[in-house]
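For reference, chains read A, B, C and D in written order, and residue numbers begin at 1 within each chain.
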Amino acid sequence: MRLMFLGDIVGRSGRQAVIQRLPGLVERYRLDFVVINGENSAGGFGITEEICQDVLDAGADVVTLGNHSWDQREALVFIERQPRLLRPVNYPAGTPGRGANLFVARNGARVLVMNVMGRIYMDALDDPFAAVARQLDACPLGEQCDAVVIDMHAEATSEKQALGHFVDGRASLVVGTHTHVPTADHMILPGGTAYMSDAGMCGDYDSVLGMDKEEPVQRFTSKIPRSRFEPANGEATLSGVCVEIDEMTGLATDVAPLRLGGKLAPALPGFW
Amino acid sequence: MRLMFLGDIVGRSGRQAVIQRLPGLVERYRLDFVVINGENSAGGFGITEEICQDVLDAGADVVTLGNHSWDQREALVFIERQPRLLRPVNYPAGTPGRGANLFVARNGARVLVMNVMGRIYMDALDDPFAAVARQLDACPLGEQCDAVVIDMHAEATSEKQALGHFVDGRASLVVGTHTHVPTADHMILPGGTAYMSDAGMCGDYDSVLGMDKEEPVQRFTSKIPRSRFEPANGEATLSGVCVEIDEMTGLATDVAPLRLGGKLAPALPGFW
Amino acid sequence: MRLMFLGDIVGRSGRQAVIQRLPGLVERYRLDFVVINGENSAGGFGITEEICQDVLDAGADVVTLGNHSWDQREALVFIERQPRLLRPVNYPAGTPGRGANLFVARNGARVLVMNVMGRIYMDALDDPFAAVARQLDACPLGEQCDAVVIDMHAEATSEKQALGHFVDGRASLVVGTHTHVPTADHMILPGGTAYMSDAGMCGDYDSVLGMDKEEPVQRFTSKIPRSRFEPANGEATLSGVCVEIDEMTGLATDVAPLRLGGKLAPALPGFW
Amino acid sequence: MRLMFLGDIVGRSGRQAVIQRLPGLVERYRLDFVVINGENSAGGFGITEEICQDVLDAGADVVTLGNHSWDQREALVFIERQPRLLRPVNYPAGTPGRGANLFVARNGARVLVMNVMGRIYMDALDDPFAAVARQLDACPLGEQCDAVVIDMHAEATSEKQALGHFVDGRASLVVGTHTHVPTADHMILPGGTAYMSDAGMCGDYDSVLGMDKEEPVQRFTSKIPRSRFEPANGEATLSGVCVEIDEMTGLATDVAPLRLGGKLAPALPGFW
């Protein structure tokens, strides 16, 4: 089974790259399932219903979120009617939407997808380890589902790596998001779970986190805001990870980064 | 001019990889200058005089540090007599040792090397941007020196990227350390400075930050320390970045990651 | 009903003040119930079984903890056999000991006591608001119990105040601990809950947080540890809060600070 | 010499209390010098030129700021022409306005006033200890000035206490601001410097930090913003500290809290 995960879409440049390139990737690689983090897709802050639909139309099966989930307040409403949009599963009880859901891939596989937020240097939320364990217990890989994808939206590599090891053998993929920079540590953990600390962003990398670099640099040096943060509008790099999943076990047999377009060195999966 | 920078050496496994592989790399690539971050080389915490000497003997020209600089207290003393060991330049006035120094490479080039610490999610120190600017003003690229290497020891990608843009055109390389995970965003910024958000570590990647994974995972889940953190002892990956520097301008013409051995996908510079 | 709550006991000086003065206070004011935070009672870090017993013998009915709960590892064991020692209720499931318990006061009243930790600028734990609400739902004031005391061990005044308002009318007292400085904002909230942002510490106030001031000052200025933190050994001030609770409603009718001995201006309850 | 310092003015309710009560206090106590923190005086966020003038007209000699200095952007401009408005002295070089200034009190004394920001759990700024030391070296108490007042705008009590001890004997008063809750630890340190960890706020204490309590409580529990923060509009308590300063030494001979009006227990200096 062929799974692709793409990191945080940032602004118009990131959306355009997804809309223009994803359909071709789905076709070229005969992708069975695509997950994309969309927490910065609306001007860098949150997501709107229209943008969410555009991303799904381009070929995403699921859109995940993060600490910017509610920056566009309409997301609090339309997430209730959009089961393909997931917010962090460890938000407080009563939060609109859902943090995990079961989907059917193009090859018929049942895929459990989860979005969970780390707590190190992030907002105070409930335990991501316990939240993930509860979901895995309720829908174990190889029993209630055929693949498990976990988007760990977190700052610290220690917490991401620890979560990877924590679920090793119980998930198909643990991939980090949030730092907006792809890591080069894609690997298959000893128990068979594919892992990559951060998928990077789908955005313009001649920037600071996908935002025009001038304002962030001057804020770091002067400590005074001059203007709003605006997404950088150079060509985006699509950035993410490709995983070949064994349909019998739900575990990963191959993992490779995907980087396409824009400023970063290109990378395509050699095994497909 | 051929420059190599390697990320944080973690424990015995990381030291062994450096000692065994670096001499061959220096020879194979005819490296002119090598910088290695050594803040975790002594059992994961700090550096000793003996280890520092071993790393220099293996072919490093300079060893940099970070938030773990003084974990081995002898470093406070021997750093005064070891000009090739640098601690963060933005430590308080009066801190032992130095944060920047000028060295002569094997090709005769004068190389300014700086170690600076970020402040986002890190200890409270003086402004890294101002500290770096002061050094660059005192020893400008193309005038008092032929190459400038900045090790930005920091957690947040935003701060690292902002520093890269801040010195773009005034440094040969800005490379991050501290997250212990290599990033795949090596690039040459518009002004000619090579950039990579994190060099990764020289350590065992089947771990949490190079440390045996059991204790970190159980601390995240139980919030109770059971034992000390110990370095993981599987085979280390050497991880870092290679930069070809134009001897006329001091700016970068090529940049590529280096990853060798251990769990990570290998990467070697294609341009040498 | 007469309740006294004393803040974090720091080191030998704090313990001596409690042991020497508390019996007299219990007698003089005919206290019905006494709660003391003991998280720094053993050399500034944690608590031992012997010290816990000494504090109970001096007149405390309950000892609460905080982020230093397990600094003395024996606490992980003996807390299981000591129902009068409470650790934060929002620690992960499976943590030794308990975070809330029901006790009988000297006047026969059933008192629910809870220890809960804030998350702002503190370690990542589960939601203190939800954790407290669960306890209050299980044992509502005026039904299953006659008084409710909540020790909110937290850094930020915003989080403490918010918790106070959150439970206003459902608890007899919400009192903060952890900053080691008494606040002067004791009041009865509109719903009848007595509130004080921080009880202060039972320790020597010519210090930094009850610890000898030399090492903290030099760490702030030099960023280099020179020696261990040691409790200051000047005379301690007992610091806390006194609450008169209406036996019919379980709500507060009077609240006043208590400060006795040492460097701080003395304060005694005028209403007893 | 009679000095009064009042903590952060929050919103209209805080301003009204200052404007209505301060002139009477100046007269009643024949105050020689008054400093007020005004960082939240404009709707809870920053200060305007008009509000600054109103506070000065009411009897303040100096208005200090903090992390909210620039919430009203006009402050970046008018601070340049208002020498009685101070922003933190450890802001980056080039920041508009000044962080310390020398004033003449009504008794003719030369008073050095400084505003400095802590770094623990606060924004990353330059070293407050070094910044304060530089000012004190340039204008030593008993030589270039007759009194020194330091407003330490900080979150952590440890950093405030450490600064107090660091300057003990070199300043007349070190008083904290920012937590919006008065502490009860006013004292004269061994070297003669009056100290109080936090002056509290001039605002409505039936609130969260002076802001209407509903939104903060629901944000803590739901993690979703519903509306903007608005200042609470109940009657404000004036909160601060009074210091009697020896005109020969510049050191403190008496210190006492001031709390007047609103929800807090009243406190007036007994020694005047």
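Quick notes on this structure:
As a working rule, a residue touches a chain if its C-beta (ideal position, glycine included) is under 8 Å from a C-beta of that chain, and two chains touch if they have at least 3 such contacts.
This one's a predicted model, so the numbers in the text were calculated from it and none came from an experiment.
Of all residue numbers seen at the subunit C-subunit D contact, over half occur in both copies; the interface is built from largely matching residues. Taking B-C and A-B together, the pair of chains sharing more C-beta contacts is A-B. The distance from the centre of subunit B to the centre of subunit C, each centre being the mean of the chain's C-alpha atoms, comes to 45 Å.
In terms of their C-alpha centroids, the spacing between subunit A and subunit B amounts to 29 Å. In subunit C, 92, 125, 127, 130, 221 are the positions where the chain touches two or more neighbouring chains simultaneously.
Those residues of subunit A that touch subunit B in the shared complex are 121, 127, 129-130, 155-159, 161-163, 165-166, 179-187, 189-190, 197-198, 200, 205-209, 213, 216-217, 220-221, 256-257, 259, 263-265, 267.
Across the complex, subunit A meets subunit C through its residues 92-93, 119-120, 124-127, 130.
By the touch criterion given at the top, residues 70, 76, 91-92, 94-95, 123, 125, 221-225 of subunit D touch subunit A in their complex.
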